[in-house]
Amino acid sequence: MDKSQYKDVYVFIEQREGVIQKVAIELLGKARELADSLNEKVVAMLLGYEISDKAQELIAYGADVVLCADERELVQYTTEPYAQAITQIVHERKPSVVLIGATTIGRDLGPRLSARLETGLTADCTGLAISDDRELLMTRPAFGGNLMATIICKEHRPQMSTVRPGVMRAKPKDENRQGTVENVHIAFDKSKFKVKVLETIKEQKNRIDITEAKVLVSGGRGVGNAEGFEMLGKLAETLNAEVSSSRAMVDAGVMPHDRQVGQTGKTVRPDLYFAMGISGAIQHLAGMEESEFIIAINKDKYAPIFNTADLGIVGDVKKIVPLLTEKLAAMRK
Amino acid sequence: MKIIVCIKQVPDTTEIKLDPVTGTMIRDGVPSIMNPDDKGGLEMALALKDKYGAHVTVITMGPPQADDILREAFAMGADRAIHLSDRKFAGADTLATSNAIAGALRVLDYDLIITGRQAIDGDTAQVGPQIAEHLDLPQVTYVEDLQFDGEKTFTIRKSTEEGYQMLQVEGPCIVTVLATANKARYMSVRGIVEAYDREVEVWNYNNISVDEAKLGLNGSPTRVWKSFTKGAKAAGKVFEMEPEEAANLIIEKLKEKFII
Amino acid sequence: MDFSLSKKEILFLQMIRAFAEKEVKPLAAEVDEEERFPVETVEKMAKLGIMGIPFPVEYGGAGGNNVLYSMAVEELSRVCATTGVIVSAHTSLCASPIYEFGNEEQRKKYLPKLCSGEWIGAFGLTEPNAGTDASAQQTMAVLEDDHYVLNGSKIFITNAAYAHVYIVMAMTDKSQGTRGISAFIVERDFPGFSIGKKEKKMGIRGSATCELIFENCIVPKENLLGKVGEGFKIAMKTLDGGRMGIASQALGIAQGAMDETVKYVKERKQFGKAIGQFQNTQFQLADLQAKIQASRLLVRMAAWKKDMKQPYSVDSAQAKLFAAETAMEVTTKAVQFHGGYGYTREYPVERMMRDAKITEIYEGTSEVQRMVIAAALLK
């Protein structure tokens, strides 16, 4: 393969109901960095229906060129129409790099494309960089996060990677940036459209079992009462986390037993465990000390929980948590 | 109905510990298990078998010891087991893996192919959709429920970030299933007693029709350039600070940990 | 000689451990606290074939063997001794004698329902005045036309309140002593049969231990198990198997208490270090672990000999004697290691210590086991 034919960094702009997803903006930021070190362009692939008005925004966030495929078939995501659209663009324009958000859409689309284009795809990258010989270095966690691996795709183009939302930093919006917008018409093979969307439901996700949760916000005596747990619930919401509890608060009837962490409750090992106002009795530690990262907040600086925590803060849960929730909520907007 | 379930043997990554001094992975003594999402997929197939009398084939690609999960699948209720094993398959990335598995599937009959969403050793979620592409089949990923009309049509509930989607597709198709879609059944005692007396078909390169250049390390567009561990867990720090500072510090940590 | 587990045994352990951990353990404290027979667990075990492990497929069994059965009782008892004894009494004391001493009709009639767990089995030998001295039986069976009429009562019957089938010993000829005892298969709805008072027990509190009452109970003649006068022999042979089951239960209790203790001594800190780092702790745990492993080998050997159809009566007695006394010792010390917490119901070792005691008593006390062993030694 003649790699010199392939250039520029392409970003799949994920939109849902016409709303550009945050991950796409983040990827534009990263793509900008990569393109600058390659001295190439950032090309945004904007696919959808009646979405042309979004193109300018993408330029403001770092795109040099916006390819706009405004087609009725792309009104909502299903695998095949989107795969056909991007395949056509790749065949016509030969990008060097294609970045896709690692969402339920991107992780459905990415591998389908990689097989169709017969090229490599690296999933859920946490780091992207350009090597001295202009290859894309894609770093990702493996073995449940116990190992990091840097992957290259030397003999095939485009080099494709998916990146989880929140991993890359978006560039500040620059309304004065200049770029071009090109419309692209897709020649669909509709005979392959076989998956029909019956309905799309948005719902408050059901509470998941605390042993399955990636992030747990756990409260103890220092949280005090139902009101205190409501406060934890709000924090949990901003983090897509679940609320759990020490035994004391279950015995007090504030929390149900299925939320209890510890010897007589459940053993959990989330990526992140907040111990809020939990002193850290041995029965509690037994249920959570295997957590990947533990943040403890407690008024008592001698609380045993601080011996187990990775980050300990001596302070009042009731003051810190609302502040933290507020800041996180602001960041999400 | 004929169902094929693709399963993989993986190290139980929840049992992997890091050496506290060197920060390297301690792989010794880590048990090998059937990948949890694949087990969810097998359960989905067996539930269809219970209801509609489907024939369930399990297939895995891997080294000889991967035989264990095929026996486990037998003990859970699978009817047929195929083990793809050949040095030519070794060193494969997801694309080369999907080429080999698709090659085997081409030789088989099916109305529905089920894979797990992703395997816990790599978490890529790529092989299912890649197989679908090679076989030119429609795909539905992140499946948490699947209903069959008894004829040809599947009504599928797909999990999304905001909720779920209801999709409809006709077989043959591929679905990738979440472990949380169901509660996988236990092996039965009789199934266990008989599992090692049954035949696992061992297939090699000659049993499938795929160009050798598309298999194993040679057929893998991606390469591991280097790998490293994140390092030993640093001793925890305790801070006494104002709430404002504390909130900021926590947010810094959350960013570092990719939680936000 | 080969002590390694077969692939099949490894797969079996994988299943039964996961089942015990996920389905049985979460209910253990509640079953004990509320003296509740875990009906839902029995239903789940039935579905998986755990109620018929060592019996051939043609009788509805899982086609396994006694080694697998012993592993099952061990692993279940490791997390819940009540569940362990439910399976043991059902399998060893009811399904086994029907399989070993029953005629083809009896096997065909009872085993499929017992193995599938649709019916639960129990066994009645002990009476208020006939414990270790089984010859003092007072329950009488009199033949009238095509049926026997049973009168009397049996006590301390495991599974009694939830069973459908009972193997019952009764005197058919008082003048013959133990040779006048016959064995009967009694169904729950036979006229004149009823369940008496439920015992309030120290341990294994969910196993529904009750009295069986026979008031002119009509038992069809074809429900005589074996021949007339063979009851004592059947009971003794049945108890050989039962003891292997109870030895497995004791082993499981001991292992469960060891698991809890190991976890605890690694976590619990006193004087600035984990109590597991004190050599006193280490040496005591080492001694206990060696005894647990010795129990395991005795239990497995008894089960293996039964599978090989070799005489195993003494092996069974040795296994039960040693495993039961080990269980008592390990659980007592486990409570001690846990200190004040160990004496509370916050930690399961308190329950395990109460559960362990019965293994030194039922299906032949430790004294009876010594009698069996000594008799073989001195003959």
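So that you can tell them apart, the chains are marked A, B and C in the order they are listed, and the count of residues begins at 1 in each.
Heads up, the rule we're going with is that a contact is a pair of C-beta atoms (placed from the backbone, for glycine too) under 8 Å apart; a residue touches a chain by one contact, two chains touch by 3 or more.
From a predicted model like this one, the values you see are computed outputs, not experimental measurements.
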item	value
Innermost chain, taking as reference the mean of every protein Cα atom displayed	B
Chain pair showing more contacts of the two, A-C and B-C	B-C
Per Cα centroids, the chain farthest from chain B	C
Inter-centroid spacing, chain B versus chain A (mean Cα positions, whole Å)	21
For chain A paired with chain C, centre-to-centre distance based on mean C-alpha positions, whole Å	54
Interchain centroid distance [CA atoms averaged], chain B/chain C, Å	41
Junction residues of chain B - those touching two or more other chains	none
Residues of chain B that touch chain A when the two form their complex	11, 13-14, 16, 18, 25, 93-95, 98, 120-134, 136, 138-142, 155, 158-170, 173, 180, 220-230, 233-234, 236-244, 246-251, 253-254, 257-260
Partner chain B, residues of chain A touching it in the complex	16, 78-80, 83, 103-104, 107-108, 110-112, 114-116, 118-124, 126, 137, 141-156, 164, 166-167, 192, 194-203, 205, 208, 212, 215, 239, 269, 271-272, 292-295, 297, 301, 306-316, 319-320, 323-324, 327-328, 331
Chain C residues within the chain A interface of the complex	29, 263, 267-269, 341, 346-347
Complex contacts: residues of chain B adjacent to chain C	68, 71-72, 75, 186-190, 192-196
Partner chain B, residues of chain C touching it in the complex	6-8, 11-12, 14-15, 18-19, 47-50, 52-53, 57, 62-64, 68
